[in-house]
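Let me give you the structure first, and then I'll get to my questions.
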Amino acid sequence: MAEPLLSVRGLRTHFETPEGTIRAVDDLDFDVFEGRTLGVVGESGCGKSVAARSVLGIVEKPGRVVGGRILLRTHAGDTLDLAALPQDSAAYRAIRGPEIALVFQEPMASFSQYYTIGNQITEAIRLHLRLSRSAARARAIELLDMVGVPQPSRRIDEYPFQLSGGLRQRVMIAMALACDPRILIADEPTTALDVTTQAQILDLLRELQAKRGLAIILITHDMGVIAEMAHDVAVMYLGRAVETGPVADIFAAPAHPYTRALLRSIPTVLAKPRTHLPTIAGSIPMPSARPAGCAFSPRCSEVLGDVCRQTEPPAIGEGARSVRCFLHGGAP
Amino acid sequence: MRLPFTRRKPAPSKAERYATATQLQLTWWRFCRHRLAVVSLIVLLLAYTAAIMADFLATTDPHQTNAATSYIEPQAIHWFDNGGFHPFVYGLKGARDMRTFKLSYKVDTSRKVYLDLFAHNYDYSLFGFRTDIHLFGLRNANRNDGIYILGTDQLGRDLWSRLAVATRVSLFIGLVGVSISLFLGVILGGVSAIYGGWIDILVQRMIEVVRSMPTIPLWLGLSAAMPSSWSVTQVYLAITIIISLLSWTDLARTVRGKFLSLREEDFVLAAELAGASQARIIFFHMLPSFTSHIIAAVSLALPAMIISETSLSFLGLGLRPPAISWGVLLQDAQNVQTLVLAPWLLTVAVPVIIVILAFNFLGDGLRDAADPYG
Amino acid sequence: MITFVVRRLLLAIVTTWLISVLSFAIIQLPPGDFVDTYIAQMAASGSSVSAQAAEAMRKMYGLDRPFYVQYGKWVGRIVHGDFGESMEWRRPVLEVIGDRLWLTVLLAFAALIITWGLALPIGIYSAVRQYSIGDYLFTLVGFVGIAVPNFLLALVLMYFSFRWFGASVGGLFSAKYSLLPWSWGKVWDLMKHLPLPAVVLALGGTAQLVRIMRANLLDELRRPYVVTARAKGLTETRVVLKYPVRAALNPFASNIAYLFPFLVSGSVIISIVLGLPTVGPLLVEALISQDMFLAGSIVLLLGVLTVIGTFISDLVLMWVDPRLRQGMG
Amino acid sequence: MTTRRQVLGYASALAATAPAGEALAQAVSSSHSNFAQSGLVGHLESATEATAIPASFKEAPMLAELVKQGKLPPVHERLPVEPLVLKPLDAIGRYGGTWRRGFIGPSDGENGNRINASDKLLLWDATGSKIIPNVAKGWDMSKDGKTFTLFLRKGMKWSDGHPYTADDFAFWYEDIYSNRDIVPTPIPDMSPQAKPGRLVKIDETTVQFQFDVPYYLFLDMMAGDTLIGGGQSVQQSIGNCGGAYSPGHYLKQFLPKYSSEAAVNKLAREQGYDNWGRLLAFKKDWELNPELPTLGGWHTVKPINTPTWTMVRNPYFYMVDTAGNQLPYIDNIVMTLAESLEVVNLRAMAGEYDMQERHIDLQKLPIILDNRDRGNYDVHLDLAYNGADTAIQINLSYKDDPEIAKWLHTADFRRALSLGIDRDQMNQTFWLGLGTPGSAVPAEVMPQNPGKEWRTKWSTHDPAQANKMLDALGLTKKDADGYRLRTDNGKRLVLQVEAVAAMLDYPRQMEMVAQQWRKIGIYGDVKQMERGLAFQRIAANQDQINVWTNGGTELMYLFPRHCLPVDPTEAHLGVEIAKWYSSGGKQGMAPTDPELKRALELFRSAAGQQEDERNKTAQEIWKIIVDQQYSIGTVGQSPAQFGVRLVSRKLGNIPSRACIAQHCRTPETSRPETWFFKA
């Protein structure tokens, strides 16, 4: 298989607080490949979004990437370790937009209400591609058209609050693609939208991916979306990937008890009507109160005993798949 | 440097308590980490206690005039006497130099006047009980002796005692006033935002008119209109109401503005979609999300209120002598002879500044603590 | 857009009318009329007005007529640009007010400029560098600014000006120029005297605006659109200045208009303490002596000025807030 | 002339200030020091009239210039044939200079009136006790006191050069005073016992006042600060119409009589006035109208309602010095508007005024003295003659609250109030020990003073006695705070004391008094009030007790309002009674108190009495006032009003002590025309 555009190894993003260190992302590995979608899935608070921000280098204080590598293969073809770059360096800024872009949860809140969408799109274009105002505008219109915004040449002068939710998200995507990045991070892109719009947006993403060989990191808590969109999956629990692999394999044979639990919680047409969806016992602990051993052990239905509670299961796997669970060996 | 407090997630030990804590508790915990604010809170509590106990703290009758003690500068208390702890002050010999016409006081080291704790002095009632016990006073004092910690004014009245009483007046004016205007502000602001339409327009006009009036003339007119036969208390209340009538507008505007901006926000729409009642939306979804702003506004309104009382009494439009308030005391310093001959009368400004500072820090702390983004 | 402006204009007119009624009513509130005051003043200055003279005066000034008649007369004249005659000064009101109004506006405006000039950058700094030493420093200074009543500053100022340079530093002109008609020399003289009172006046307002700016900006800084902007690869400075600051400017702008009456009121107090030739002392004197037309006109003029101020700030608001602008469309 | 000699009678008593000196010594005895040592109190002195008329006359350079240009006739043509010749106090002065002074607004007209009181027909000498010629060179009063003749100066001229003759008196009497549109009812000064008198032109330079009843007082009225004798500057400004003469040649044009009502009303409207009445009111007011011909040393060029009230020398002024120099020496007077009294004092201390006695605050004396060298001025303390700078005036016609009224109208109650006041305390605190504590009677040196013992009668500090008296009255019950209770409803007996924050710091003084009254169980509720409000309440008979100066009462007949309820325009002691008195019983409320009745009767009878008898009557009245304590005196004979005089060291001919009294029109008796700027 081709080598990844972005490969994250042992990423650690910690927040230093008076209450102690919060290990939001802790020893996270994953790879992103050209033209493929990596679905990052997990309950809220498991560190998905922090991971995304870490990759973009926009972690807010007092958060900090404290370890690991973020290897990015740039347009130019050379490979950079973003983790080694200072967040506010010009070099890093040159990555945001042209290399990696972000599509954000709430389309409304993600736009400033004080500028036209045109203004907010062209800004990035002019900054990175050094285009003239008119050229930038032309490109923006083109982008809007591409993401399926009707009458883009008129819409471009409108304000976000004048658009519908769906349109806003399209514009959001257009803005993300303004400097044609090769990696798009979509952080819960559809959460705030109604079902039909959701579908449209997902289609759009897929279409764009096909057109431009875009690599997408799709962050969601919704296994359904994963099933629909992703090629590969990374299941995150308390800041690390407990299981990764091609979506088909994982859906077919989930290896980690947590993955299974998640999958069980998807409603299916086959399920008997009026039956409660199985939920995962207990609630997700505070990342600061991370249990010893396998972090999932307290909630795990198949816990093996002290080994799970005392020692961290290593990542075991062959090929694209890997899992962190003693059920699959690796026990000392 | 270390942050005095932060909004980050809590320590493992506290994990569970936090998980189960109410918004209010969280706010309180966060507030407690805002050292400056906590200090301010304590300062204010002390100030208000002092205000309530004013007469107890006073060493002499704040109204008692005596030409022989006119313009005495702050006097030192000597703590130790022949080895032991016997706080005392020296007697003073005063005379007017008929060349310069200045009063001059000489310390009469031959005469020591000793201090007593819980000494007896003038009568007053505290929580309904009449007593003549004061925190401290003089034992073997003659008519002209006194513990002039802050000196005396032209009429020979002890500034410390007057300040104590003034503090009571000024602090409570602020408190009463702010509650009135807070009430007005939230109600009117809320109503105008929620119902909109002509109600909104009406309220907006009201606000605009009130705020377009330079307040001083309003004050002057109103205070001049007060029947001169009114007692000090009546004037006091009237003035409180007048202040608050002029200062509810900021709160109303804040509230209205926030309501309007929040109406746009998704979570309100969500709540509406979820079929929540309007009242529920307002009180459970909207109000909490901008308590911080209301608190900030109040934290500014309160000192502003105290200042306006002070300024207006200073101008002679608010409380007037023989009533005592910070403003009235500062009025004495309005002329050059006081500034030159008795500059210590300006010390009244110190508690004014401290209290207002404290209120602001407190408000700031509360604001940050109550902030929903925490 | 147009309709918006028109509506605001109409409302401004209504407001002005209300203010005129209010100001006239307030002046009527105190018992007694100008002639009473006049007799009193004469008595105080060791002279007297005979009962006949008093009656004649009442008739002359129409003080024997009912309230609404007097008001009607007043407004009727004002419409024709005649603000009536000051009874105390026995001169047309506008002449009496004369430069004073402009000196007041100038003083308030100078204070306004100082206020914004300081509040905006400081507010931004304090928010962006929250809990930095700078933030604490400015916050402290700001709080002191709020905490010290401006008349107190004025007092201290008066004291030092007396101690160091002699009395007339209090005024807006040195003794030499106060007698002369307007000239460049006089303007320069004014410019030399203006800053001190202006700063005294501005301090309180500045401190408050800093707080408002800081509070708003702190809220805005946590909004998702800031993350979006960062994700575009903009420099932090540009991110902050273009997005959250712009949003925070909104309440800031709506505050500006109301700073003005605040400053005017303040200027009254410090003018009295420092003896500045603004409308302040004139107004207080007029109200005490119940010189209705004078006091009424001053209050009215100031009110109108602030209404205009409000109107302008509404336009500013419209300009900074597209929601409003489009809403009007 | 007989009357002149009579006048001299008590002048001599005063001219030597020894008695006054004693009074002062006693005033400060309480401070174990004698402020005479401060060297700030001089002796009464001023320029005096010289008999010999100089052979030739000289004039100010600025006028000589105009004469050269032919804009002005030569000086000897401008001066009267018999100018008033003054012997300057110290030296013949030099011409020129601008007298810088402060004023506080259009209500401060007296500030200029008093400087120009040289337009009074008669004046008083430096001691304030002897009537001397001024505009009128002399007078005569008939034995029966019914006719009074004034002799004018031949060839005297108005400030516009128009002759000043008996016609100007006729004009005033016929066209102003007798015009009921302008003066609705005759003024008391002109109608003794309500019988209107007449003013008749005898010849160009002689006018005669004729009365139906003896009116010996009229001479004093003429010399005093009265409606008839006050002079044009004060009596024809601020809406007044007194003053005995008017510039007819100028004012005719504004009177209907000389054209038509329509014509003058048209004229008025053209100039922006509703009717001719308002136009006239403006035109005859020298403070406002620079065109108005006047007689004073200086006339207005920039009116009082501007930031700088400016005056320039009157080229036709009727006085010369013994060397034949036309007075005044000083060319201009510029008064700059001060925003507040504080500012006046600050500017004075900064040496921005050349001579200021008005609005100077006695409380600031220590700093004023400190700044003498920086401001390059000397300080003089001029002691007044009135008994009380602060008189506690009882409203003798009060009735709103019967209980209170009952007590206010009870002599022993008033006496107790008086005995409850510690005047030495007040003197020390508010007068820096410079006043004389005691009753309301004028200084012992004044002819109307009833005798030393009346200074202290009921006017010492004796709380024990006061308490006895109050108990005896039946005010025995007291509340927890030791205040006496009303006899009707058992509530605390509260006396409302209305104190205006004008002139002296009355509110604060009363705070002190209220504290002293605590010891006699009386609760004084001190109300600080706006001037207008307080006076309006007095006029409406709403006040119980008000506080004001009794300035002017040093010569009771000329200014009685501060010691007797006789003048409804300012009746501190009961407006209803004043109405009753002035209307001859037609209006108001007759006094029930026989003593008060007697006092008023005595006062009415005095107008027809000769000098000595009149003064005896005054003494009787004073005895009643003090014995009854209608007007409770506290501290007086002080420099508190107009008595702290800051004089630039550049000025010459400045008297070391000026007479501070209403009738003296201070500083006119110090003859400002003779002051000059030394080289």
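Letters A, B, C and D name the chains as they come in the text, with residue numbers starting at 1 for each one.
Everything below uses one rule, namely that a residue touches a chain if its C-beta (ideal position, glycine included) is under 8 Å from a C-beta of that chain, and two chains touch if they have at least 3 such contacts.
Computed from a prediction, not measured in an experiment: that's the story for all the values here.
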| item | value |
| --- | --- |
| Comparison of A-C and B-C (more C-beta pairs in contact) | B-C |
| Most central chain, Cα average position | C |
| Interchain centroid distance [CA atoms averaged], chain B/chain C, Å | 25 |
| Distance from the mean Cα position of chain D to that of chain A, given in whole angstrom | 95 |
| Intercentroid distance (Cα basis), chain C paired with chain A, Å | 55 |
| Averaged-CA centre spacing for the pair chain D and chain B, given as whole angstrom | 47 |
| Of all residues in chain C, the ones touching two or more other chains | 30-31, 162, 272, 288, 323 |
| Residue list for chain B, restricted to those that touch at least two other chains | 3, 224, 264, 334, 336, 340 |
| Residues of chain A touching at least two other chains | 106, 109, 161 |
| Chain D-facing residues of chain C, complex | 30-32, 36-57, 60, 86, 88-92, 96, 162, 166-168, 170-171, 175, 178-179, 271-272, 275-277, 281, 285, 288-290 |
| Contact footprint of chain C on chain B as seen in their complex | 1, 3-4, 201, 205, 208-209, 211-218, 220-222, 224-225, 250, 253, 257, 264, 292-293, 296, 300, 303-304, 307, 310-311, 314-315, 330, 333-334, 336, 339-340, 346, 349, 352-354, 356-357, 360-361, 364, 367, 371, 373 |
| Complex interface listing, chain D residues touching chain B | 28, 31-35, 37-38, 342, 345-346, 349, 361, 363-367, 369-370, 424-429, 432-434, 480-481, 496, 498, 501, 507-508, 511-512, 514-516, 525-530, 533, 537 |
| Residue numbers on chain C that touch chain B, as the complex places them | 11, 14-15, 18-19, 22-23, 26-27, 29-31, 131-133, 139, 143-144, 146-152, 155-156, 158-159, 162, 208, 211, 215, 218-219, 222, 251, 254, 258, 261, 264-265, 268-269, 272-273, 280, 283-284, 287-288, 295, 298-299, 302-303, 306-307, 310, 323 |
| Contact footprint of chain D on chain B as seen in their complex | 63-68, 70, 95-102, 123, 130, 154-156, 224, 228-229, 231, 316, 320-322, 334-337, 340-341 |
